[in-house]
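For reference, the structures are reproduced in the following blocks.
Same chain, two partners: chain A is paired with chain B first, then with chain C.
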Partner chain A sequence: MQRSFISRNPSVLIFLTCLALFTVTVTVMSEGSGVGIISTSFIKTLGKTLCLCLIAVAMDLIWGFTGILSLGHFAFFGLGGYMIGMWLMYERTRLIVVESLSQVEIPPTATEVTDAIGNQIFGVVGSSDFPLIWTFADSLFLQLVLVVLVPGLLALVFGWLAFRSRVTGVYLSILTQAMTLALALYLFQNDSGLRGNNGLSGLQNLPGVEASQDVVSLWFLWASALALGLGYLLAAWIVSGKFGSVIRGIRDNEARVRFLGYSVETYKLMVFTLTACIAGIAGALYYPQAGIINPAEISPIASIYLAVWVAIGGRGRLYGAVIGAASVSLLSTWFTGGQAPNIPLGFYTIKWVDWWLVLLGMSFVAVTLFAPKGMGGLVDLWSKRRTPNRHGADLGPSDGALREQEASQ
Partner chain B sequence: MSVLLEVSGVSVTFDGFRAINNLSFHIGEAELRAVIGPNGAGKTTFMDIVTGKTKPDEGRVIWGKKSVSLLKMNEAKIAQAGIGRKFQKPTVFEDQTVQENLLMALKKPRGWLAVLAYRANVADLEKAANLAEEIGLKEELARKSGELSHGQKQWLEIGMLLAQEPRLLLVDEPAAGMTPQEREHTTDLLLHAAKTRAVVVVEHDMEFVRRLNCKVTVLHEGSVLAEGSLDHVTSNQEVIDVYLGR
Partner chain C sequence: MIRLFLAGLAILLSCLTASAQDADIQPILQEHQSVIAKGSRKTIGPAIHAIATSGSSKAQSVLETWAAKDMWMRKSDGMFFIGKQAEAKTYVLTDFDSGKVVGTFPKQALKQLKPNSGIRGMIGAALVQFQLMDPDKDKRQDALTSIQRDPAAAMLAPLRASIAGEEDAGLKSQKQRLERLLTIGYDQDTKARVAAIEEMSGDLGLDLRATLNPLVATTRGVALGEIPKDVNIATHLTPGSDAFTTEDAYDFLVRHALAPPRVSRGDMRAALTSNIDGGHAGGIPVVQLNTDAARSRAYAALAEAGTVPALVTQADIDAALAAYVFFDSYAETSDEVTTAARNALKSIGLKVGVNQALDLTLDALSLASIYFLAAIGLAITFGVMGVINMAHGEFIMMGAYTGYVVQQIIPNHTASIIVAIPLAFAVTFAAGVAMERLVIRWLYARPLETLLATFGISIALQQLAKNIFGTQARPLTAPGWLDGAMVMNDVVSISYIRIAIFILALIFLGVFVFIMKRTRLGLETRAVTQNPRMAASMGINPGKVNMLTFGLGSGIAGIAGVAIGLFAKVTSELGNDYIVQSFMTVVVGGVGNIWGTLAGAAMIGFLQKGIEWLNPSNTLAAQTYMIVFIIIFIQFRPRGIIALKGRAAGD
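And then the complex of A and B:
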């Protein structure tokens, strides 16, 4: 009677197959496997792109399906990165400190080791004591829990306050923007406990791992691909059922959903929190590949980029968000990395490093105006799934009456 | 007949304008009632108060056998308690199929966890199909509701209301923009629904009200002007003055 989840959502299977093929191909061609067609730095770029795709899926859930334009999801992404970064930095510094102290004649006490680690990490901001938030930094497990817990809790509290007051639309967007800005400004301070604008660095070196970056980059690529696959599957499962019906209903007509007896605020809060957790996980996988995280990463513009990716890729369909995030962020790397050839016009040379943002802005406007379905809409063209255009007045009273436009064809 | 909903002494003011003025109204179980009145008489505001969208300045709204006050509940809680509302403009979820619309409205646990775990079973699909048949949309189950005609959307919304299995149905101008045949169908639907639950219909159109053949409440300037059979209220001099102009 009921068909299976996959057969009702063929796009999920197609997506997962593409993702698996991509991962295998890249792995085979990487330096880590010995072929070396793709450089390790590009492997990292691809791995990071997969993480960006994951947060784009989260953004599509909250914006494309629930209709909440959050301009603060990169705050959760960054927090996830900071949480894993704390352990990476602590553990690596500890290994170095223990190594160097093992040379001295009298074995160091535990306090001496901790002080030395603190000195190493916080010397750059003129301090040597561990702030309270580093309490669990010595435990990988606890920091991994915090990767989900910290963004989740922040989203829960923020969302509870915002949704309970029935803040919606552009006002909510501004609030989320303010949240990420406030967080970034706070983290910029030296006494915030996360090394101010220096951020956390050296995250690409996994403590206790002897393998070279060629191999480590592959591990992260696989982990990112796995996370994206699972995240996509979860998101697709959520939106395919009645929960998906309800959140799409909230997007289209909040009041009606309320009068059906659904507590709109709870649903919004749950989606907001869940997507924040997904964003946190994406961030925790992204920053070890980037190697460094600092407060500039969670500046408001990052979250706006996220919205642009999803809009260009196509809101309200998960693969659209992934396509948008992947293509725009890769293009962005290409243009801003100085690889795109400049265009000499004689009197002026278009340098893409400067003009890329203009191009991106114009394509965003163009997509919004001319292709509201984004790049994902191309799939509809290809599969000939046109929505009938039935605008125009009824010509008759009965059910199947022709519309004005249809009759004139 | 026991009283299902009792509204007493309710007033509400918007920026100094008294939309509802000391309104009292009650309706029993399984009763059909038409509410008529000129523009600005407070018909929609009355519905807003009952469904929790607007909080009155004073007065009481008491619901059901246990006599709970609706004023302390939010819209979702009131809907769960058994009050369904149909808006003037047909509001269905146009991006979703008729079946999805109906399944969403079916009386089921409304909590997010229950909804997340919910997968449509055979019984529910059958229920949705039966409802679709009742409202004349059996052939359209798999179509997106945005493709339906105006009248079909109105029916779908009534179908969604029935799916909620409410004890009180508030229906705002159900026949607006319908052809005579469609009106007849709508009348049948409402009459049928009123056999098992209370139905309040707000309507402008006297012909439609006459066909409902029920007790009529006339609202004017936020309070009840007259109540009784249609013939009774239309022969009332005050009602004639208000409706036909002095």
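And then the complex of A and C:
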């Protein structure tokens, strides 16, 4: 008899409950609901953190389960943000322009409105014409479709090229990093059509919405929580089925799975594209809360931080990724925001704004060396998960496969 | 040419004979007495000319005295003297010719000649011929430089006259070149100019192009019916071609007030706004005026009523254009000269192109050597050991900062660089060994983890450098003898610092090959790379070999850091700028092979320069396209340009 999905994955239920509890608690304590214990800016931080957890889940799918260390997922995240940002910026500028043009004696023609919007948006890069990529910017629906489509398509093309030529391991990591760098450098140009290094701004203002930011931030928090919950469910469903077994097989020994007759490239490509789409959605929810997006957001370093979160949280388990992303990014905000108390040593005062990255880097090295399971490994202590016993032999023969020594640590 | 030479010789001879007689200058001054005394720019020309060509040895001193406002006229007889203030109101006069003091006179009896700036300019031009033959070499050089800076027709004759008498070979060739250039620009004789142009064509000097370009500069003209006969036509323009559209043509007519301006959308809108009458404009309700078609209709109605100028229709434009001819004409009237100049510029252009290609090649070569330098350490750690070291860029940065610190202690730049290079090696070697012992050793079986752990070290080191040295860029100054550039001609030049880096890259290549092929360490490294277990059973200690190899790779990164710091600003992000390119270099070249790294660096360097040349304004785009190209390149050669085969490939 087939056991139900939930009973096979008890962690899903626990996670969803925690997420729901968290969302309700935050909502009750927010300024938007009137209690006002949690400030609106912190609500936004929490909402953004939920989006980061979502992309961490995607990263865990591709890295922790499929064994592909992609250093390009923040590129997809950024692209998703750009896609929704285009509509937000276009629509808001359009409302402002129409408002100001209605003061003029003669009603404006459609061309005049478009030109004025173009001037408003692209004046900062010395242009006024709409580039081709803004063709659908006037339609929310189409831009929402593009949020998924553009990162997905890029991942599909890139992944097809990379997996087809059997680029694996660190080569693939470097190649994805190169792709991210290329995209960031391209967007940095003024004539890329996305306002160069100015990026898109004013995204926190939803066009046509009168509600205050206190309320809007809550909406986004709910949307992010919903997306994270759904993303987590999807990821849990994928990795618990046969598909999940195959991709874990690919992680542990790619050649053996190929010899068993599975089309390794197709599986990899599917996971890569799917995670890119999830990353795009996470980005589309993140940037309206951040308010601004520019090419610096998708520099290769951001993607590496993503890997750091997942590694610290514990890869190969979905809740590990969420824990890692949430704790590290919140800690990072706390330390770099200047809220952490300085430590006076007499001869020198440790300012955490300066020393946080050193601490992060070092603790990251420590986690890699001493606790490959990350924070998620702590759960094993409590759940008493048994580790495989191969009498010292490796679980998979290839480099990068999970080793017994790690699994039992 | 011979003719010109003879002409120059003749002038020179006349000068020589004149100076041999050494006539007195005072009679000539007296001949032009009234003009000189009057001091008007319009009439003074002949007087200056007469003095300058008098052949008297005193002419130069007269002109100089005059320009310096030291020439005085005695009112009683109108004679000119050098005046010098003796007491408050008395002046001592000296005769030009004899050089003897004539006597002391009160100021009332004298008149000081104060040439205005215009006249001083003319005197200065006349003086050039004397300065060009001045016994002092520096003065001759000054005179030449001033002509080069500000050439004029009047300089041509004195310059020619001065060539034959020039003794200094360097100055002589300068004078000859300048004479050719002035001939092209200002000679009266068209044949001489054409001859000079043809003689000089193929020369790469910027001065030649500066002389030729004004000759072929065109101005656009328009005429009713037929092209006027007296202009030197460059091209006949037909409206409607790509280079000269009908819009351009019509706008040109409008600019010259030959046709009524078109009514733009903005004009139409403004006209309608000012003619709103009771909610209607041109008979159409204002609220309906939100399309171009409605506005045109309303405007047409207004135009018919005569309140606004009529719309210019396409038919109007065509009719206006048909009535006129358009042409580009040269300011230079002689057709022969412009044709010769055009041909000369064409052949120069070809030569410039070839030289630019050479320059680009040199640029690419130096960029390739920079990438090679940055990547060679990585080629050892990644290529030979299979360890991916994300902190490689930070080792480069550490090397550069070591150079900076050394320069703070040793102010002499040459000495500090000599100290900095081994010190940077030592520092980064130690850092590399420490990292290998503490971190990487435990992760040999897990390359992806190595990547992440070294990345953790990388961000820690970067932030550490920021905490110690601050965020602003620190200078690492190259020694004086590396300043400047080796200039081959006006197009091709390469800075010495780039040559030094190229040589450094070659040295590294040699050192690396030597270590790998000729030393014990190299042998052991290769053995451990190929099969660690077998190597260990042969008595090699793989741990020690790995440690030393990693240290070597890191140390080379440190030296590369010093070299890169010499031309780039030293910041904590220095390594970041090179890390991706370095990985690209190693991956494209082929892992595990130094020649592959060389090929990879060459390919990336040439590619980047090539793309930059195609799109010169945009280095960001060049980098983007390069990375895209590399991603595609990996498709066809996944193991790089030089791929290892067989067992060494590790498959």
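Here, the second predicted complex is superposed on the first by the 386 of 409 C-alpha atoms of A that agree within 3 Å, B and C clash if a C-alpha of one lies under 4 Å from a C-alpha of the other, contacts with A are read in each partner's own complex, and residues count from 1 in each chain.
Methods note: a residue touches a chain if its C-beta (ideal position, glycine included) is under 8 Å from a C-beta of that chain, and two chains touch if they have at least 3 such contacts.
What you see is a predicted model, and the numbers here were worked out from it, not measured in a lab.
Asks: Touch check for A:Thr25: first (chain B), second (chain C), both, or neither?
Replies: Neither: A:Thr25 stays clear of chain B and chain C.
Asks: Taking the superposition as given, does A:Arg166 touch the first partner, chain B, the second, chain C, both, or neither?
Replies: second
Asks: In the superposed arrangement, does A:Tyr267 touch chain B (first), chain C (second), both or neither?
Replies: first
Asks: Contacts for A:Val246 in the overlay, against chain B (first) and chain C (second): which applies, first, second, both or neither?
Replies: A:Val246 sits against chain B, while chain C stays out of touch.
Asks: Given the touch rule stated above, what does A:Arg256 touch, chain B (first), chain C (second), both, or neither?
Replies: first
Asks: So which one touches more of the residues on chain A, chain B or chain C?
Replies: So, of the two partners, C touches more residues of chain A.
Asks: Applying the document's definition of touch, where does A:Gln189 land relative to chain B and chain C: first, second, both, or neither?
Replies: A:Gln189 sits against chain C, while chain B stays out of touch.
Asks: Mind sorting out which residues of chain A both chain B and chain C touch, each in its own complex?
Replies: 399
Asks: Mind pulling up the chain A residues that touch chain B in the complex?
Replies: 1-2, 238, 241-243, 245-246, 248-249, 252-253, 255-256, 258-264, 266-267, 270, 387-388, 390, 394, 397-399, 401
Asks: In their complex, what parts of chain B are in touch with chain A?
Replies: 51, 53, 74-76, 79-80, 84-85, 87, 91, 93-96, 100, 103-105, 110-112, 115-116, 118-122, 136, 144, 147, 149-152, 160, 164, 179, 181-182
Asks: In the complex formed with chain A, which residues of chain C make contact?
Replies: Spelled out, the residues of chain C in touch with chain A are 265, 269, 272-273, 276, 281, 286-287, 289-292, 295, 388, 390, 439, 442-443, 445-449, 451-453, 455-464, 466-467, 576, 580, 583-584, 587, 618, 620-621, 623-624, 627-628, 630-632, 634-636, 638.
Asks: For the complex, which residues does chain A have touching chain C?
Replies: Checking each residue of chain A against chain C gives 69, 104-112, 158, 161-162, 164-167, 169-171, 173-175, 177-179, 181-183, 185-186, 188-189, 300-301, 304, 307-308, 311, 354-358, 360-365, 368-369, 372, 399-400, 403.
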